[in-house]
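One chain, chain A, links the two complexes that follow: it is found with chain B in the first and with chain C in the second.
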Partner chain A sequence: MSMIRVENISKSFGSLEVLKDVSLTVEKGERIVIIGESGGGKSVFLRSMDLLEVPDKGSIYIGDDELTSPKADLNRIRRRVGFVYQGFHLFSHLCVLDNITLAPIRLLKMKRAEAEEKALKLLRMVGLESKKYAMPDVLSGGQKQRIAIVRSLIMEPEVMLFDEPTSALDPTMVGEVLATLRLLAKSGMTMVIVTHEMSFAREIATRILYMDEKGIYEEGTPQEIFDNPKRKKTRDFIHKMKYLSYKIDSRSFDLMQLQGSIRDFASKYGIGEKKAYRLQLCTEELIYEMLDYGKSDCVDMSLELSFDEKEKSSLIRLSSKGVEYNPFEKACDGLGDGIHGKADVSVGGDDMVHLGITILKNTARRIGYRYDAGNRENLFEIEI
Partner chain B sequence: MEIKKTLNGNELLVAVEGRLDTTTAPQLEENVRSSIDGMKSLVFDFEKLEYISSAGLRVLLAMQKIMNKQGSMTIRNVNETVMEVFEVTGFVDILTIE
Partner chain C sequence: MKIKEIVYKTLISGDSYKTLLRGLGVTVQIAVFSVILGSLLGIAVCAMRRSRIWPVRKAASLYIAILRGSPVLLLLMLMYYVVFASSHVSPTFVAIVAFSLHMSAYSAACFYSAIEATDKNQVEAARTLGFSKYQAFFLVTLPQAAAIAKGTYQSTIVTLIQWTSVVGYVTITDLTRVINNISSRTIEPLFMIVIGLLLYLGLSYLCYGIFALVDRLSSLKEKPLKKTPLKKEASGNEHDSG
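So, the complex of A and B:
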């Protein structure tokens, strides 16, 4: 029997229809990740599965219990489902242990000692046993979310729903929460996760749903959705997720905004601090080298950053329109490798002018350049 | 970027916080140039400097040139990532880094 069965649900908020005739079956042990643009109905769909949003029509079953039936014993059925929210929702006046044991003691009538023993076992699993008497306010966001997960798990749910569990977290804390989710996945837990963490989605999902146009627009394995999406909007979304694109049409472009986007991009893919620094550095140096010495009458650049999860490498692609200008000329021939060497930066040395190029040559794994005469485009590929 | 200057006799201590890039480097140059006259020692404290690009390095080199004539320049508390930029450019050899 399926774990969750959603049959033709629709949901509107006033005149805004968010879901239209959406159906889904989740089998035991499946890990479904829902992706899509903000406002595309992902969270509403997920929340419907626990009736936190009541659909206007359609039916939802948890196992063989119909959640949408007017006679449904909601409290009993909901115990089969664990829900973890973006914002943790811990009781701030209760310590960690009491937050976790409250529901099993009150709802399952579990003895306190038994509930505490179980809570401690789960806290050990997520590495937070030492925080059992801590109050939520002294915990970091990542710790709070791990506690929220434990609080759901103690009820022994058959399926866990996660609504963007890392999106309220500081980037440095995302990893610890994802590690907890990986642990759950390993244990065979059935999970439905709404997330923007694309590399995590690819790694953990057995099935990916891309939501758009009020429903499941495309679904498939992580490979199918990320590497070979069939439909246009999925392709556009995946492209946007995989690549950071930026247009530069003026010397006074907003460098701070671009660098901020690169940092966000790096954190989304779990790119380490050092590499994120190199990405920002090489991007800045290449752009200004072309702006300062590119000899173009007008500024027309397109930047694209991508991350190869298998190779763990990042690629900066820059197209700069104008006359041919290869700042790496001495160092690379066509799409060859950059030759490493230090600049003559002695006070008064010549290389000060092209210091940025020295940085690029000594920081990048590979530098490629070619000129597309037809389009009057200088094309760079810098691998970090 | 934030710049905090402390004057101690003829020593100028400049603590730089944040990012020293193409946008912010001119600000640092202008700021330090306006206070450097007659100084025997110029010390940059980079404890809170998160990022430096070639534009920042150029400012350091310009300041080094000035201080070569009138005293000395030292850079303190450089973090690992900023140090990497000093290393790949050979700046470790021309700056006094403590």
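So, the complex of A and C:
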């Protein structure tokens, strides 16, 4: 017996078609992660499974209840499905305990004492028992999200839907929410999750759906999707997830934007604060070294960052078009001169000027340089 | 003593204080009925303002715009000299009708904006748990909207009390009219006006006091409920250890 059956649904907002003839069957115990570009219809698809978006065509079944039937008892069917939002949406006028017990007391006619006992048990599970009388506005994002999860769980749903549950959280709080999701997964809960947390998706999913072109573009096991995607757009998306690419074509490029994307990239892979800073620093120094001393008339660089989860190391790849120039060699020479006792003001000055290179040398695990004469490209590989 | 004489002349001689109290009674009567009827009507207008049907919604907005945009005194005169001109109803009744209409427009606007200010996402979250539209409204939207509306609603009432001072125009002997009568009869306007101001001030504070009391009572009602699980827990622990 399938848990959720979506049959050929389509949905448009005005003239914008978001979903076209999409079908999906979720079996009991499956954990499905939906990935894809923003605006690709992931959220709309997920929301339609709880009829928060009403599809224009097609039908949706929860177990054997048809959600899209005009005669459907929506309120009863919705109890079977838990929904967790990106923005938590706790009831702001109620304390944590009342937030959780409101539905079981009113809808399941549970006795208050019984409901509270059950709520406390669940709160204990997510480590928030001490917050039972707190009002939502004093809680952190991560705490709010764990409570929102408990609020759904107390209704004993048969399937839980998560709409980007960690996207509104500080990087420091993502972990606690993911831990809660892992706990749920372990308990055998059927889950459908929309997320941008790729490493989490790989770890928790039994099946990954990549959504694009108004539907499920490609699906498969995490290994299939992440390591060996078959179709072009999936490949591009996965590549973009794994690599941060940046083009620099002007001396006055937007450094702040680049630093921002490096930060985002780092937080996506759970790269620590210190390492993220080093990554930013090294990237910046390398780019400016090439901009200032690269001796090329036009600026044409492309940068690619990647992170190896096994080695826990990040790799900076920079290609800079122009004449051959290896700043590491040059700085070495300067240093060598100094050692040979010929140090004078100019050498010291040179060392100061190439301070960036010194920083890079001290920070990087490995520095590689190669000049591709055919393409007139300086190629750097710096591992951090 | 001069003060003694003034007090005697204005308040005691000829049972003036009784007239004063009667005037106060009329003011309170008009205010209380107008607030109650006006608020009930205001709820209805607010519901219409939130209707899914376009003409109903539009009619409600128009009603609110017209009544809020016209002086309450003109509304009162319209009622007294035109609408109820040929019917033999008491002027006080006419005043209550006029002020109720006035109050309904202000309270409808107040309720509407408070409901609009609540977080719709929380309603949707309630729906995902299985609550119906009405349950979600009464359990989530209403308590939050009430908290938002409270301040404006309170000052609307206080303003209404003060505006009732114009009913003298349509032959009603309310507090202001009595003050006016006594001060012109005794030629002690300053004293009487101060008395009048104090009485209106008293009414306003009474109104704030009632709100504060309701607040206190509702929070008292919630507290014992929140304390129960604590005891339950303690006794549960005893069982565990025993």
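The criterion applied here is as follows: the second predicted complex is superposed on the first by the 363 of 384 C-alpha atoms of A that agree within 3 Å, B and C clash if a C-alpha of one lies under 4 Å from a C-alpha of the other, contacts with A are read in each partner's own complex, and residues count from 1 in each chain.
In the analysis below, contacts are C-beta pairs under 8 Å (C-beta built on N, C-alpha and C of every residue); 3 or more make two chains touch, one makes a residue touch a chain.
The structure presented is a predicted model; accordingly, all values stated were derived computationally and were not measured.
Peer 1: First (chain B), second (chain C), both or neither: which does A:K274 touch?
Peer 2: Touch status of A:K274: first partner only.
Peer 1: Taking the superposition on A as described, I'd like to know which of chain B and chain C A:Y133 touches: first, second, both or neither.
Peer 2: Only chain C is touched by A:Y133; chain B is not.
Peer 1: Answer with first, second, both or neither: which of chain B and chain C does A:R79 touch in the superposed model?
Peer 2: The answer is second: A:R79 touches chain C but not chain B.
Peer 1: Applying the document's definition of touch, where does A:R235 land relative to chain B and chain C: first, second, both, or neither?
Peer 2: Touch partners of A:R235: none, neither chain B nor chain C.
Peer 1: In the overlaid three-chain picture, which partner chain does A:S92 touch, first (chain B) or second (chain C), both, or neither?
Peer 2: second
Peer 1: Thinking of the overlay built on chain A, is A:R106 touched by chain B (first), by chain C (second), by both, or by neither?
Peer 2: After superposition on chain A, A:R106 lies in contact with chain C alone.
Peer 1: Which partner chains sit in contact with A:Q259 here, chain B, chain C, both or neither? Use first/second/both/neither.
Peer 2: After superposing on A, A:Q259 lies in contact with chain B but is clear of chain C.
Peer 1: Name the chain, either chain B or chain C, that contacts more residues of chain A.
Peer 2: Result: the larger residue contact count on chain A belongs to C.
Peer 1: In their shared complex, at which residues does chain A touch chain C?
Peer 2: 50, 52, 75-76, 78-79, 81-83, 85, 87, 89-93, 95, 97-98, 102-103, 106-107, 112-113, 116-117, 120, 132-133, 148, 151-152, 155
Peer 1: So in the complex, the part of chain C that touches chain A is made up of which residues?
Peer 2: Answer in residue numbers: 119, 121-122, 124-132, 135, 139-140, 143-144, 147, 225-226, 228-229, 232-233, 236.
Peer 1: Which of the residues in chain B end up touching chain A in this complex?
Peer 2: Within the complex, chain B touches chain A at residues 19, 21-23, 51, 53-55, 57-58, 61, 64-65, 68, 80-81, 84-85, 88-91, 94.
Peer 1: Any idea which chain A residues touch chain B in the complex?
Peer 2: Contact set of chain A toward chain B: 255-256, 259, 273-274, 277, 280-281, 284-285, 288, 342-348, 352, 355-356, 358-359, 362-363.
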